[in-house]
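So, here's a batch of structures to check.
Heads up, the next two complexes both have chain A, just with different partners, chain B and then chain C.
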Partner chain A sequence: MSDTPLLKVENLKTQFFTDAGTVRAVDGISFTVERGETLGLVGESGAGKSVAVQSILRLVDSPGRIVDGEITFDGKTIVGFDEDTDGTERPVERDGMLSNSEMRSQIRGNEIALIFQDPMESLNPVFTVGQQLCEFIEINRGLSGKAVRERAIEILREVGIPQPDERFDDYPHQFSGGMRQRVLIAMALGCEPKLIIADEPTTALDVTVEGQILDLVYDLQEDYDTSFLWVTHDMGIVAEICDRVNVMYLGEIIERAGVDDLFYDPQHPYTQALLNSIPRPNQAGELQPLKGSMPEAIDPPSGCRFHDRCPDAREACTRTHPDLRRVTDDEQWAACIKHETFETDYETSRRLSPEGISVAGENSE
Partner chain B sequence: MSESESDPLVRISGLSKHFDNSSGLFGGYEFSPNGLGFPFEYDPDLVRAIDDVSFQIERGETLGLVGESGCGKSTLARVVLQLLRPTKGDIYFGDDNLAELSDEALRQRRKDIQIIFQDPQSSLDPRMKVGAIIEEPMEAHGMYDAAGREQRTRDLLDSVGLEPQYYDRYPHEFSGGQRQRINLARALSVDPEFVVLDEPTSALDVSIQAQILNTLDDLQDEFDLTYLFISHDLSVIRHISDRVAVMYLGEIVEIGDVEVLFEDPKHPYTRALLSSIPVPDPRSRGQRSVLKGDVPSPINPPSGCRFRTRCPSLIAPGAHDLSEDEWTRVRAFTRAVDRRSFDAEDIDTVYERFFHGPLSDSTCNDIVDEAIDLVVAGRWEAATELLDRQFAEESPCAQTAPLLETPDTDDTDRKVACHLHSPPNQDPGGEM
Partner chain C sequence: MSDSDDDSASTQTSQSGLADITTQLRGNSTSRWGLYIIAVVITVAIWAFIDGVLLGYHFAETYWYSPVTAEPGARSLLPPVGITNEFGTGVWAHPLGTDHRGRDILARLVYGTRIAIQIGIVATGLGAVVGTIVGAVSGYYGGWVDDLLQRLVETFYAIPFIVLMIAIMSTFGRNLWIAIVGVSVITTPVFARLIRSEVLSVREEEYIEAAKAAGVRDRNIIRRHVIPNSLAPVLVQATLQVGVNILIVAALSFLGFGAQPPTPSWGAMLAQSRTYMLPNPWFSFWPGLAILVTVIGFNLIGDGLRDAFDPRLDD
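Up next, the complex of A and B:
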């Protein structure tokens, strides 16, 4: 049992059906979260990170829909489809896929908890922090009465809220941003889930508070042995806490590697460019920004989706759409045809002129 | 780095901005029956957003201003620009004191001082075309004729890295990074000498941020600009600044050349900030140290050094004779009591938890014993108060506010406000 991954996502496709056309926000991504590990999901805004997270919890709103793929969590099928036999546009849900009410009662909160970026929006301003925390524990842990309050205060203390027995009766607006985020972490932990999905939880916080939260998560992971799926655009955080990393670009995973390999031996030009473009606290000097900006997912470039910004792009890249393949002897996976495993005509193909793309202009329109 | 004896472009001295936080007609009045007379006293809650800040910016340099949210960075920017009038202090821009200029004279002067805000979206009118947006400041200051303005606008669009034909487009047609470029073009249209950048890249993706930072660098050379660059992101600050000022709770705690400050930070707050950034390198994992606690409220800032409540290097009170290790333990205990972060069952377990053996100073030992008694009896507040009065308040850091001074005579550009780095031959907090 414990050898199987905790969460398995296979070929997940989530699309948004808008008037302007179909937005392929998540386009066939596959990954696993192992028990007790922290997996990073990295990318710029618009890469499809948040939609991927929403899909895992089946929280995708209309006009968005999961159109294909399979998600299994701890032996349960969250998303699964049968062969399309009735010829309609909607895929057929497989038997054994959890119903909406089962998702609510068994998965969300209970097995998979979610921590959002903005702690103020995730807390209800008209209830006290204690009430909200208790409600959560009551529903998901089956405690009642005094035991709930005791457990709630215990968790608040664990996540480092000062004077938890008094702060219990405070309203969210009486907490600072960092404290609110701690409360959300407390809520997530209160249910002792197997997996916590953190969607940019420290982006709105100061560095000093961010450091506190990262330390807290680190300690709590030791105590509870929870798995984390950490969604972020901040390479600093990735380096600090993740074990393995998936890099997303325009709805696809374009590189997957252990954290050390990713930073010291990146296999995809996008990862390399991303690492070159970040200002680092321990060194000064000219930045090498990535050219242009990410295209719209409504009309992705042909071939490799990164070819129009890629420094290594060749003519073959405009034709061949690479899938994610293992490219080294270590667990390094990349979707780039410059690697030999792809057996394409990349080596002999003509280089795309880098001057074709203006350096400063983000002429995406 | 600096030609400090030459004349700086911006010189700020003794600048303060306080906000009255009491609301309502009688909001600031408090009931205080003192026998005779009117039994109410006017005592408004003042938010000391900026307190006695002085620094200068040389021509052509970039001064980075860094600090946590709520420390007064943005208020400082707004006061420097006179969008908010200061409570006290002077802002010299060239030869004029902006704080004393009349409204019309100030309006004329605004041409030379521009600002870029954090959110590129909300600072552009969605109903105006890009051309009109960029021309508006020139019109307000009566620069050029219509054709001249259009030509200049097209040139500016080119300088900031956009296409001149974007002149007829609306802001919503652009991405975040492009919008920030439009803001830049608008700011530069009136040919300013000084631009305040208030977190200009924090709403942008990293790859776009790098593009904008490089453009800012190029524009500085092209237009001879002087920047005040405000950010909470130390990596960005290091990248763009020539000198850096670190702010904490309305005061500047350290200022100096960027390389010197990042390589050899003197103030404990600067050190804590620098070591708390997650470095994008998995091999330096776990080398962070974390500053505990939150920024205190600027309504009632701590006495003496404002950073003392979070300072890892708080100076031990001279009255007690404690070793360094013991002092650390006492402070950990004080902190735990204040936050009530443990269960107090009986005296021995609490003592064991925080102290390995009796303290070498018997007075301190008695105080600690008394505090533990109080804690076990459930009187946390009394214990906190006792520990604060006996230890924290006795520290030299709590008694006098450190001045922003040069710690060693070799580098006169460097200033630190910390008792640990008071210049030699002076008592902590002594006469300047």
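Up next, the complex of A and C:
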């Protein structure tokens, strides 16, 4: 075990070049996934979580492109840019970057596996579950013939499919949603990757099944010592499964903390608002939903991107773009200028409105 | 009716893929007729191939009439139905009559089936395979690959097929295999277009994304994931296209570009009977009927397949 993080993402920028303009879906996020940990990536729909995930695997489809940043995985450069050496404005791709075919043969599936959101859609309906599982194992583990089948059945048993040698020859539509999700986890695990990225894997499942799947993942993580990057919008899952959490808003990470710190002492108003909007057993009274919806990433608000929905917003917020910085003695980071009182005029500037939120609501219409 | 409905509903959950489709085809009375017709036609064609091509009309000449050469002294006979047989005897020996050279029309029809089916199925199959690959690659990659392949396809579309066929056959010779290749060339664009549109939606499916994320090669994604999931309309079109191609072949034979005499073929029979159309309409009637029935048979199956593949008609 080395001390370097398994996955290191630095200043990643992924943009979509559409006719309506450039969508800055991921705008300079940085985070690390340590070996053996489960890192949460939380945010509303449209925050850029999925694009971040696609960027890590270099699967961003046209018109999207990774325009800047650096992603290193276990010593290999997945994405790397150098400052413009050829006089153009754009940074240029670095030489040491893995080629597309190296990405395919060395990283995807092999080192980083992906579990998808919708178990109903993520299995090919025309092939049996076993065939698909075998295909993935064959490609990524270099097994062949009978060994593949044996490994496939073994892994189906591990993820809790009853009678795996019979179910092996069943088609996806003969499985329930929870069972399919188990199969997807089996497909990811069967390749024995170092990192599994789970892109909202329990969203389509009911709560009981979700609980079972989370338990399963927890057990498997102990057995396999795999790292997880868990993408979700569900704070309940975060609390249950993650070690550390990154909160994303409109393409940026606005808070990073250990899971306990995040829940007991959130430092960013957005995180606070998120937590206020979900029922918690230790909190009486009415829920306070977060008003408005996330602006378009095509034309993000000036200054702090959250200011038009933020209950604590002041005038300074519209001018100053906050950086993610450490705000407590623990490893808790937040991007909000109310923690930067000495450098900005947050304290002195006037509140945007007592109901800063509703004003923004009118503006966005 | 309700019985068969219950049947198909219960088999749907227990069976999958082809088995389910065949069950549905048999359950539908019109497509069942299509199946019967095509089963008969194909059996006849296989027999014609074995005896005509492999054995040189051995059985036909020994036990029946040769479809190629007329017997000495044979006359042109009309079938007995509806019209008085002005030539007198030999009525039941030739139930469909004999042609202008005295050859038995039924025998010529039977042995002519081979050409129709051979070109119809082989050329359609060839065109479907090539078209599927072209269309799948085109739709999957998009971008300049798509543009290039689709412009190529459109170029073929733009040329009237009969003209193209005649050009091909005058250049390379009037030969059965050239005809097959020619028909498959003009069939390819149909399938390339059809599957491309299907692939455009299939490639956005999450299981394709999952396969990419697992490091599956593009060509394997196309082969194992994209094509099998886009194939339903191709199967339907292929069945319908067999009928169309049989017509094309008949048209070519009619124009003298298909199988060359004395090889029996339906189109050639039509062409030869043209001169005798008024005194002896039966000469033209029988081959026309054979073409009609066969094409209808394939169309019925095609329609049945389309219904079977259509999820909206599942109940």
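Note that in this section the second predicted complex is superposed on the first by the 341 of 365 C-alpha atoms of A that agree within 3 Å, B and C clash if a C-alpha of one lies under 4 Å from a C-alpha of the other, contacts with A are read in each partner's own complex, and residues count from 1 in each chain.
Note that a residue touches a chain if its C-beta (ideal position, glycine included) is under 8 Å from a C-beta of that chain, and two chains touch if they have at least 3 such contacts.
What you are looking at is a predicted structure, and each value in this text was computed from that prediction instead of being measured.
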Inset, instruction - Could you say whether A:298 touches chain B, chain C, both of them, or neither, answering first, second, both or neither? - result: neither
Inset, instruction - Identify the partner contact of A:160: answer first if only chain B is touched, second if only chain C is, both if each is, neither if none is. - result: first
Inset, instruction - Look at A:286 in the shared chain and tell me whether it touches chain B only, chain C only, both, or neither; answer first, second, both or neither. - result: first
Inset, instruction - Determine, under the contact definition given at the top, whether A:104 touches first (chain B), second (chain C), both, or neither. - result: second
Inset, instruction - Return first, second, both or neither, reflecting whether A:273 touches chain B, chain C, both chains, or no partner chain. - result: first
Inset, instruction - Look at A:147 in the shared chain and tell me whether it touches chain B only, chain C only, both, or neither; answer first, second, both or neither. - result: neither
Inset, instruction - Would you mind listing the overlap between the chain B footprint and the chain C footprint on chain A? - result: none
Legend entry - List of chain C residues in touch with chain A within their complex: 16-17, 142-143, 205-207, 209-217, 220, 224-225, 228-229
Inset, instruction - Spell out the part of chain A that touches chain B in their complex, as residue ranges. - result: 44-45, 157, 160, 162-165, 176-179, 206-212, 214-215, 233-240, 259-260, 262-264, 273-275, 277-290, 293, 358-365
Legend entry - Complex contacts: residues of chain B adjacent to chain A: 68-69, 161-163, 173-175, 177-178, 205-211, 213-215, 232-236, 238-239, 258-259, 262, 272-274, 276-285, 288, 290-292, 294, 338-341, 380
Legend entry - List of chain A residues in touch with chain C within their complex: 57, 59, 62, 103-105, 107-110, 113-114, 116-118, 121-127, 135-136, 139-140, 171, 173, 184, 187, 191
